[in-house]
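Chain nomenclature is as follows: A, B, C, D and E, assigned in order of appearance, with residue numbering initiated at 1 for each chain independently.
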């Protein structure tokens, strides 16, 4: 049995991950809709998860995949809290445009 | 018995005063300050009797900081100055009503505590701590009980605080650096340190910044006049009478012996700065409209000369500087008290609003005159002894230093007499000026007694400080 | 015994001072005056005792009290040196002092602060004694500054008048300029010889083999500056005429007889130092001569009776310095003594006049007082003759000696000095004629109150007039008691009595002739032609320059006072503020940065994250790409 | 070194990888660029599915399933619910300021280039990848690792979720106004 | 380990209380419980590190000491909640429980032995803080603060996660002991340093170091005051301690380039924080900037990781205790006010001298004036840094200390020179107690520095 990465190359996974991560970063910066921004952050986390799995295969080690579970738990928790905050903002402001959130500055 | 007892007494005094309540505060404070004075005299006796009055206890392990208080002649005389002036200053304030008096007097005692500590500490860090601690009470005294427009006062006081703190922080760096070199903050270890030229250079200027601002040496004096003017007179007395001596004392105790080569290298510059202070301060004092500001500039001029004396690195300069520190302490307190006496009656510090007081208050006029004369260093006053010695030491460096420094006796006379003339003489003032009360007289007479006694018989002081000064000079000369 | 007596001598006036300051008001005016006078008289008696003792065994008495100031290479003690010079000085200080105290009892009787006046006078005597009997330069310096202080206090005695206060301040400050010189001189001597003690110093100089003549010359010059200040020589003389603001007894005592001679005392004291510096001696002689002439010219046109006498004093002091410059110390001392007699008498006389005229000092408002004030007139006349150098009055002998010495050393200086003494005769008799002769020119009110002064005033006048007349006896040209008496002081062989030949007699004749010419001119002008000096506004030409004292005061004011005040204002208004701004500008800049920085904190999450990413990229780039 | 996909001689695995990667990136981009949030969410779901495809490719079936369940099944549904709850589906963003876009693009390019440059510059991994042959990613193994070695974090994750839960309750709970 | 379990148990207990409707008792019981936990923690303090559960948790001096500090801070913060949540009585158990779990996260962060524990710890902490920040759900400011913190925090979490991932890629392990050994021995792929750097940057965000600091002022200002207190004291201290542990354990030899980065970030944080704080009118915002500058100071410990753990503990203790005291006063003053503007502090010196004195003391401590703990903290820090021969950094730090006096004293001036604009408001005893105890502890730190300094 050979390591599947022999055919793809860990570097390619890294590049894929990096690009995906950067797309997430881009999304966070680019969009003003808070929900989309959340989604972008999810993309970032997923990029990392992908890399974890790739590294897990690379090392032939289960720990990386175990870590993905934790990462998912964290993502879920974050999303829950984030959306709760968002709902609360929406209730107060009627909008979730983050550009409207500039009361605190200076 | 050792010196830590004195510090404890003062600290306890500060707290007791605070808890004694507004009515009793001033008396309690006076009592404690008198006890402190008595104790310091007792310490002096013990020291003269050869008893060990030092205190030594390890405090922090890493970095090694020792709670080490050492009383030698120099420390003791500065301690005596502090503890002698404090009761005077407290007593002088009896004619004034202060809001929240308990805090006020507690702060005074606390400041005395810190200043005494500064003079006694023989561990660099401990010394630094006391040095900084002394700053906080005077900050609040000036801020809360000061006079004049609040905004202006605030500005002046904050500037003062930040400025002096700024200077002393560089001193802290210097100490830390020295610690890294020697592994100890103790003065005896620092005295043994051998630094390269460059290191001495940096450390010297770091120290200098702290001291130059505190003393103040021009051009670092910009905080002084405003703060003296805005602070309550008690604060001004504490500042000018004792606190600026901390800077001068530190030059002798810390700066010169630790960085002898740098001190020798920069000797002309430093003496030049001191003398520039003499001339500049005198000239600026000539045309001041505010009595306290005028006295502030006169103080600048005098300490300029003292600073010059400190930096001469010869025994005359050092001794003269110490003598003049003491005399200046008493005289300047007296002068500021005189200003306060006028202020109590006329509610003004503008010289233009004064004049013609002498006819109404002959006693006050005479006492004030004596202080003025002492300030211009008339022979037989304490100031003369110091000034003569300092000028002689300056002469030993360069005759022109003596000549330029000696202009103080001309310019000093000029502005002081001019001030006296404008304040006291002339047609009788239309406003009523009651002559000095008993308690005011006591304060002034005590000061004058000291001035004359040591003016004629400074020998006990000389004998007390000579060994310490010799020791310092030996340390300075350890590297040739 | 000697110590106690010396202390009595010194402290008696001081006790008088203390007593008068603390209790003077309570015990009443006369009592305080009497106590003041008595204490000085005690000193006088003590002095006489010492004088007899010294005159007998010719040995100086040295008394050490206690250690005062400690310097690295020497110690300064409180100590006294009672030798011929100091005793001589003490004699006339305490003697004339007693007389003037006596005079003041009456003169100051109307002043509410009379007890203070006596206190200050006593204090002055105390300091003068200190100055004279101190055993070293620093004790001399105590007295030196102390008399300056008393001079300040007494000039400004009527302190409600700010002009008087200005005059007092001026006197003190100009003295202090000299004092700085004196101090520098003391420093140099101290560092050269490691002592300030006269006797030790003298031995040190005598025994030392390699003396640093340059430094000694500088020291001598510095000391001379000190003497200039105290003894009102060019360029520091302008305070003395202004000092006439003080009560007249003060002028007589301090500004004529005693304090102003302190400079001469000091130079005489340190004659062994000055002898080592011939250049400085030349300078002294020149300054003395020039001062004497300049002051005399100014005195020619002054109309204030005391101003005339003041300039006369300056002029006479100049003559003394001339003598000092030639190393003729004993002659200078001789003139000091005679001058003390006649000038004190003149001042007191003028005081008597002023007293009679209720404070009027302008000679243009006087005249004809001869009839009313007989005693005053006669004493005044005698003293005037003395100062004019008319034989056989005391001034003749002393002045003649000076002129003769000058002639032997430098003919130009002799001419100057002779001119000055000619003028002296003129202005003194101008004064005399304007005051005592012709008709009274004052107000009717004053005229009705004209009176001779009471006995307490005239008695000192008479005594002093007698002394002014016969004072010359102590040093006759042929047989000088004074020279012998002072001989032990001087290292050089005392100026042996001049060979009295034709030159000497001619010189004497010229001097006397000069005096007579001066008197005659005055007589012609003011008696014959009946002139009265013009009112201020009408004075023109060179006399205006003279009347305004060559505008020296104005020049000093413009050059020194104005500039230093201007400098002060400049410092206060610009340098202080800009220094402050420079230091605290840093704070302002930081504050401004803060203000600008606040704009960066936009509140926009996008921007925040943008910076985050930038920072991230920068760190990564630096660590992994830039290496 | 980058393995440039050689499509002519590409193995199946490589082709699948490329395809999946393409889908992942494209849908991620579309999710961000799409104006309608619901579309975004749907694109994102596709993206997550493609990532699950990657997992499958890497032979971690269990993880792929969990991924689909958690992300597509739970998280994205949560998103969709929220979007609908807020009625945001019609809401279009007003025109974004140019500076925002510029900043976003600049930082995207920057971080992308920097990271990729670093990895390119780095030394390539040489030699064969290790292949122990041991099972490391079956449910069995994962379960053992998770509940033996990673027992504490596993339990701690529950605290995380508990915290999040309390937090969400806290944020959403209406307070009784006390009177 | 037991500490962590006990804390979690306490949190759950707290939730149970809600069920039993014993709200009033929650805070006292929790405080007592925390004190017990503190005792437990102290009992765990021992010389040799112990490893628990496959190295998931490492109980060492470092972890115990910092845990102790966190517990003490939590005790204060929980006690302050008594009054702060008066009007939110239905939620009080939630608030307290979240804080306890936050503490659990914090303890996990300093005692982790495995990056998984670290990551979960930091997420527990963060999520708890997101919730607390936006917990005032009717206030737009609080919402905004919560969202900003959440968005940026998640972003940073992503970075951290990426960093962990790369480390794992390089090492094949999450265990820090293994990582540390491997990092010294083998030739590593570049992933490892990148991972470390990303992790480092993520943590810089958490401690609010420049240029990753922008969130802090906004979030501090918008959050409820007590939450701000949590963030500025507990959260900051936790983050820096964790960062220190990370850098120390995983990257034994810090390269000069990396040191330079630390120096620059440290200087930037100090300078920006201090300068920006000068013109702030909101006290919380001002303290946020002050916190940024303190983060800069604390970063200096990373330059000599081998020896500076004691210094760091001391600095964090001094800073946090001063912060607690200051916030107790701020809570008291602004209880009835809408905002925390500096005007609210006018005349406090007259109205309530004790509170004014405590605030003054805490500000002085932060400014580094002796005899307060803050002074010694700075002193030890400078000493350490000079020993590592970063003299220039120390000079800049000193200049920054001077600038900082400017704004600390602005507040002091407001208290003492301005006239009060409102009548005196009664002070709840608990504020007094917390403020006094905190400041006394701070001063005690100053007088007996060795006590804390020698713990590590």
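Assume a residue touches a chain if its C-beta (ideal position, glycine included) is under 8 Å from a C-beta of that chain, and two chains touch if they have at least 3 such contacts.
These are the chains along with the protein names UniProt gives them: A = NADH-quinone oxidoreductase subunit K; C = NADH dehydrogenase subunit L; D = NADH-quinone oxidoreductase subunit J; E = NADH-quinone oxidoreductase subunit N.
Bear in mind the structure is a predicted one, so any value in this text is a computation, not a measurement.
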Contacts shared by subunit A with subunit B include exactly C, E
By Cα-centroid distance to the whole-protein Cα centroid, the innermost chain is B
So the chain most remote from subunit D by C-alpha centre is C
If chain centres are mean C-alpha positions, then the most distant from subunit A is chain C
Interface with most residue-pair contacts lies between A-D
So, in whole Å, the Cα centroid of subunit A is separated from that of subunit C by 98
So, in whole Å, the Cα centroid of subunit A is separated from that of subunit E by 27
CA centroids of subunit A and subunit D: separation to the nearest Å works out as 5
Separation of the C-alpha centres, subunit B versus subunit E, in whole Å, is 42
For subunit B, residue numbers touching 2 or more other chains are 162
Among subunit A residues, those touching two or more other chains are 10, 14, 21, 24-25, 28-29, 32, 37-38, 54, 58-59, 61, 63, 66, 70, 74, 77-78, 81, 85-86, 88, 98, 101, 103-106
Within subunit E, the set of residues that touch 2 or more other chains is 116, 120, 123, 127, 130-131, 134, 137, 148, 151, 155, 190-191, 194, 217-218, 406
One finds touching chains in the pairs A-C, A-D, A-E, B-C, B-E, C-D, C-E, D-E
Counting only contacts in the complex, subunit A reaches subunit E at residues 10, 14, 21, 24-25, 28, 34, 37-38, 41, 44-45, 47-48, 51-52, 54-55, 58-59, 61, 63-64, 66-67, 70-71, 74, 77-78, 81-82, 85-86, 88-89, 91-93, 98, 101, 103-106
Seen from subunit C, its contact residues with subunit D in the complex are 606-607, 609-610, 613-614, 616-617, 620-621, 624-625
Given the complex, residues on subunit C that touch subunit A span 598, 601-606, 609-610, 613
Counting only contacts in the complex, subunit A reaches subunit C at residues 25, 28-29, 32, 37, 98-99, 101-106
In their shared complex, subunit B is touched by residues of subunit E numbered 310, 349, 353, 364, 369-371, 375-376, 379-380, 382-383, 386-387, 391, 394-395, 398-399, 401-402, 405-406, 409, 413, 416-417, 449-450, 453-454
